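Two complexes are shown next, each including chain A; its partner changes from chain B in the first to chain C in the second.
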Partner chain A sequence: MSKTPLLDQLESGPWPSFVTDLKRIAAKKPQVLDLLGQLERSYQEKITHWKHGGIVGVLGYGSGIIGRYSDLPDEFPGVEHFHTMRINQPSGWFYTTAALRQLCDIWDKHGSSVMNLHGATGDVIFLGCRTENLEPCFAELTAAGWDLGGSGSTFRSPSCCVGPARCEWSCYDTMEACYEITQEMQFDLHRPSYPYKYKIKFSGCPNDCVAAVARADLSVIGVWKDDIRVDQSAVQAYAGGELKPKGGGAHVDKLDVQADVVGLCPTYCMSYDGKTLKIDDRNCNHCMHCINMMPQALRPGTETGAAILLGSHAPILEGAQLSWVIQPFMVMESPYDEFKELNSRITEWWAEHGKNRERVGELILRLGMREFLEAAELPPAPQQVRIPRANPFFFWNQSDFDAEAKGRKYYQTEGFDVE
Partner chain B sequence: MSERKTDIGPPHYEQFLPPIIKENYGKWKYHEIPEPGVLKHVSESGAELYSVRAGASRLISTDFVREVCDLADKFCDGYFRFTSRNNIEFLLTDKARIEPLKKDLKELGWPVGGTGHSVTSIIHTQGWVHCHTPAIDASGPVKAVMDDLFEYFGSHQLPAQVRIALACCINMCGAVHCSDIAMCGVHRTVPKIDHQKLRHLCEIPTTIASCPTGAIRPHPDKSIKSVVVNEPRCMYCGNCYTMCPALPCFDSEKGGVALLVGGKVSNAKSPPAFSRLAVPYIPNNPPRWPETVETIRKILIKYAEGANKWERLGEWIERIGWEKFFEVCDLPFTFQHIDDYKFQAYETYRTSMHFKF
Partner chain C sequence: MGISKEELVEEIFQMVEKAHGKRKLKASDIWKDMIKKHPEVDKKIVQDAIKTLVDAGRCVYTYFGGSFVEIPHEEAAAKH
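Then we have the complex of A and B:
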């Protein structure tokens, strides 16, 4: 009789089965047989059988390894130690088969052969390493050119969308920015020195394919400042049905340019007279809807960069937040000095003022947006808010009065007084 | 030890890019989706790149990865990538290779799809296979839901794309809080304090500070160096357990699945939005979580029937109103649906006469 009657029920059905995949590994790796045994027990009892944490790691690093121990080690000795290793992924999750086979070889040798491609933050995840195998596994990984990613209260492995490698909408080089910032931040990535986790994600356009606005403390989202590029003959081809909406990715065969594009523009900044599509670009809010609908007719402009947003995190602890705009536009070009400097002003302020396990977005809510913006040397801008405050409870600092005394209207930040 | 390498970072991506991408980097002009699961990108140079997308589990073995590698060697000169939603993409320059690749994928049982107006792969967390705080499993419910919605993975028949996510507890490592449909594992048990363990394992001030609702106090009997929990104030977040292993809040019977709906991250038409509570609790029912699967299908079908073309699930609900959503989907509205947690609560209360009966 099968030892895993409940898990066996996940072997049927059309979607690929992780149970079938793990079972064939279990034939070679006794720890995976125990992993399935313990998982079956959880399916019976509806409760986890992993113990709380445990500090393990490789020499000199305080991150990249998450300790994991079974609470049933006598029954399932193979998973007594079953630590996680996070390996920093390459930009855009591109691989050669040679590189991935090398990772597989290392993992078959030192671990359970079970992995994720990829974890929620973006890393390659190796699941199931014994403590004594961590250091040899790490040594082989670095010898092959790979390094660990972040975990705990560190700078986490940044991730990015496919960007200019395979997308016509990317407003900056997400792949290069992700790589360069990851290299710049190696010390903070491997040594916990922050109040809590800190993530950066790079999306090339407001479609935000890596969910930067929801999943990164610092969200870098590509945007253009000039006009949407329009190919009027292609607009006609969409209107005539020769080209399919969304490149064919929709349930609709023929686009109604007036109803589906112009009529759904959130700013009503477009018009179409049956011949020419007109866009009032100064009133476009860069939502991407029209471009998504007609990818052969419309493209983002050429004066491009990124908006910088800050603060998002999942509900722990003060409730989920989305990132908000702190700088509406930044030119994103190597060596990314402006971005690196802003990033270090943010992390320094947060490291100084943040409480243990307080995300940067929560700290800003606690201390106030003004205090943050002044520390980050960012002037107030209407793009930062959806609407201004409705209450009269605003503060005046000495710097505001000093600016007034100097005959200036308002204080914005050092060097940015409004005359 | 002198040869020990550290802080080298990930390998440079350029060595992993196929020649066609190196040649056309930043020069892509437009894309098409000729059929579900196949993307065609055309460069300003006229070069054409075909990406064939296939669904996979997130929890995989090196055997599986080697099979992917064999296919990529056979069809793509050894180059391929993964998407942000754990799909595999085979990168082809020769259009004629698409059909043979699809045939091989079919034989291996890897579905082609996940593009355009589909239900693409579910992003998820570890669950019982690797995590110490889950209320539910992750890979199991994901497999059960994808089996059930399989027809939507390989087709473009929905009003817009539908992004489903699963987090096995409210820590939401999978950041499911902005998904069209989110499954979230919930605990419903107040921490069971192990006073003996607590005095040896935990720092009392940090344990008290970890509670977002201020429900934890020092034990009134000072000779017992421990804490007490004000039970009515506990909403089972497990944050205290993260700080102090002597406060487990697990329970075989009371844990389950909450469903949240209507979130998105894209800016297209409407701004990014959080998912909102649709169903506060569905019993934990391994191995296939039938009640969860059935409720998700019901919401998806009602959305597909009711939404205008191009409307995301949340945009449909916003248009018809949440009171209609609960009516149409035949879901009960409960006290749990009304927010009473901190700063976000007020903005969810209705302050207008704009509602329906």
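Then we have the complex of A and C:
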């Protein structure tokens, strides 16, 4: 009879099974047999047998290693120590085959051979290292040009979509930005100095393929300022069925431009008379739906950059929250000084005021967006208003009251798109 | 003339040593305290001093639901 009947059930479905993978690895790594045994035990008892965290690490670093011990070491000695190592991924997860083989060889030599591509922050995850093997593994990784990623109360390894490497919609070079910020933040990445974790993700366009709006404290999402570029002849080709919607990936072969594009525009800023597609770009909210449906007819504008959003996190009590626009548009070009300075102001304010285990988004909810905007030296902008009539961010200073007494009116249209 | 880097390193070490077993200190607890005591130093200087202690193995970063700076010790989780 099998020693792991519950786990065996996970091999029975139509999908690839991690249990099958682990059994294959167990043939050459006996500690993985203990891993399966302990997991089966957890499934039976409905309780974890891992002890988490602690003191383990490599000299000089305070992140990248996550301590993991079994609370059943006598029964499963192979997983007595089963620490996790996070390896900082290359931008856009582009590897050569040789690089992947190199990682696997190092891990086969020093660890359990169990790995995960990739963790939530994008790191390569090595699962199952004994304490005495951490330093040799780290030494071999760094000699080969790799580095550990972030863990604990640090800046976590930033990640990005593939950007201009494979996508014509990318509004800035996500991979370069990700690399530059990774280098800039080396101290904060390896040495915990924040109240809690802090993540940045770079998406090249509002399709947000790395889900930056939901998964990063600081979400950098590509956007354009000018008009969507329209090729009217290609629009006609879509309408006539010569071009397939979504590059052939839609549920229909022939696009109904009025129903499938214009009718689904969330801001109703488009119209189509059967010949010409018109877009009121001032009212476009850059949702990307029309561009996704007709990629050969519509393209983002040419005045490109990124919208900066802050604060997404998923705490248990309040529930998941999306990031909040703090700067509607920023030019994202090397050396990214404006972005680096803004990021520095954000982390300084958070480090100063944040409580232990309080994410920057939670701090904003506690102290208010108004206080944050003042600290980050960001001017109030209409795009920052997430809930109309609830958070308009008027900054009342004594000078305002003085000016009012002298007859100044509150309403001003200067600097805003108010007609 | 303010506090030297060597003196700052020693003062931080003593602070961490004194807190050992009683209170876990975050890096931010240390730099806030040091800046209060020595207004001439800034956060970066204190962080570099912590780095000096960690690089020398006199202090370690630990993780117990958050990251802390502590004196090296055998952790309970490693014992069985």
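Observations on the model:
What we mean here is this: the second predicted complex is superposed on the first by the 380 of 419 C-alpha atoms of A that agree within 3 Å, B and C clash if a C-alpha of one lies under 4 Å from a C-alpha of the other, contacts with A are read in each partner's own complex, and residues count from 1 in each chain.
Here, contacts are C-beta pairs under 8 Å (C-beta built on N, C-alpha and C of every residue); 3 or more make two chains touch, one makes a residue touch a chain.
Bear in mind the structure is a predicted one, so any value in this text is a computation, not a measurement.
By the touch criterion stated above, A:Y61 is placed in contact with chain B and with chain C alike. Of the two partner chains placed by superposition, chain B and chain C are both touched by A:R357. Of the two partner chains placed by superposition, chain B and chain C are both touched by A:F187.
Contacts of A:T154 after superposition on the shared chain: chain C is touched, whereas chain B is not. In the superposition on chain A, A:L6 makes contact with chain B only, not with chain C. By the touch criterion defined above, A:T96 reaches chain B but does not reach chain C.
Contacts of A:G53 after superposition: both chain B and chain C are touched.
Of the two partner chains placed by superposition, A:A405 touches none, neither chain B nor chain C. Taking chain A as the reference, the larger set of touched residues comes from B, when chain B and chain C are compared. In the superposed model, A:Q296 makes contact with chain B only, not with chain C.
Chain A uses residues 51-53, 59-61, 187, 356-357 to touch chain B in one structure and chain C in the other. Of all the residues in chain B, the ones that touch chain A in their complex are 4-13, 15-17, 21, 25-26, 28-35, 40-41, 49, 51, 55-66, 68-70, 72-73, 78-84, 86, 109-111, 115-117, 123, 125-126, 128-134, 137, 139-140, 143-144, 146-147, 150, 153, 156-159, 167, 170-175, 177-178, 206, 209-210, 212, 237, 239, 241, 243, 245, 250-253, 255, 263, 265-270, 272, 274, 284, 286-288, 309-310, 341-344. Partner chain C is touched in their complex by these residues of chain A: 51-57, 59-63, 66-67, 69, 71, 73-74, 80-81, 131, 151-154, 187, 191-196, 351, 356-357. Looking at the complex, you find that chain A touches chain B at residues 6-7, 9-10, 12-19, 21-22, 24-25, 32, 35, 39, 42-43, 45-53, 59-61, 68, 82, 84, 88-101, 103-104, 107-108, 113-118, 120, 127, 139, 142-143, 145-147, 157, 159, 161-162, 164-168, 170, 173, 175, 179, 182-183, 186-187, 189-190, 206-215, 244, 246-252, 260, 264, 266, 286-289, 292-293, 295-296, 299, 314-320, 322, 355-357, 365. Chain C makes touch with chain A in their complex at residues 26-28, 31, 43, 47, 50-51, 54-55, 57, 60-68, 70, 72-73, 75, 77-78, 80.
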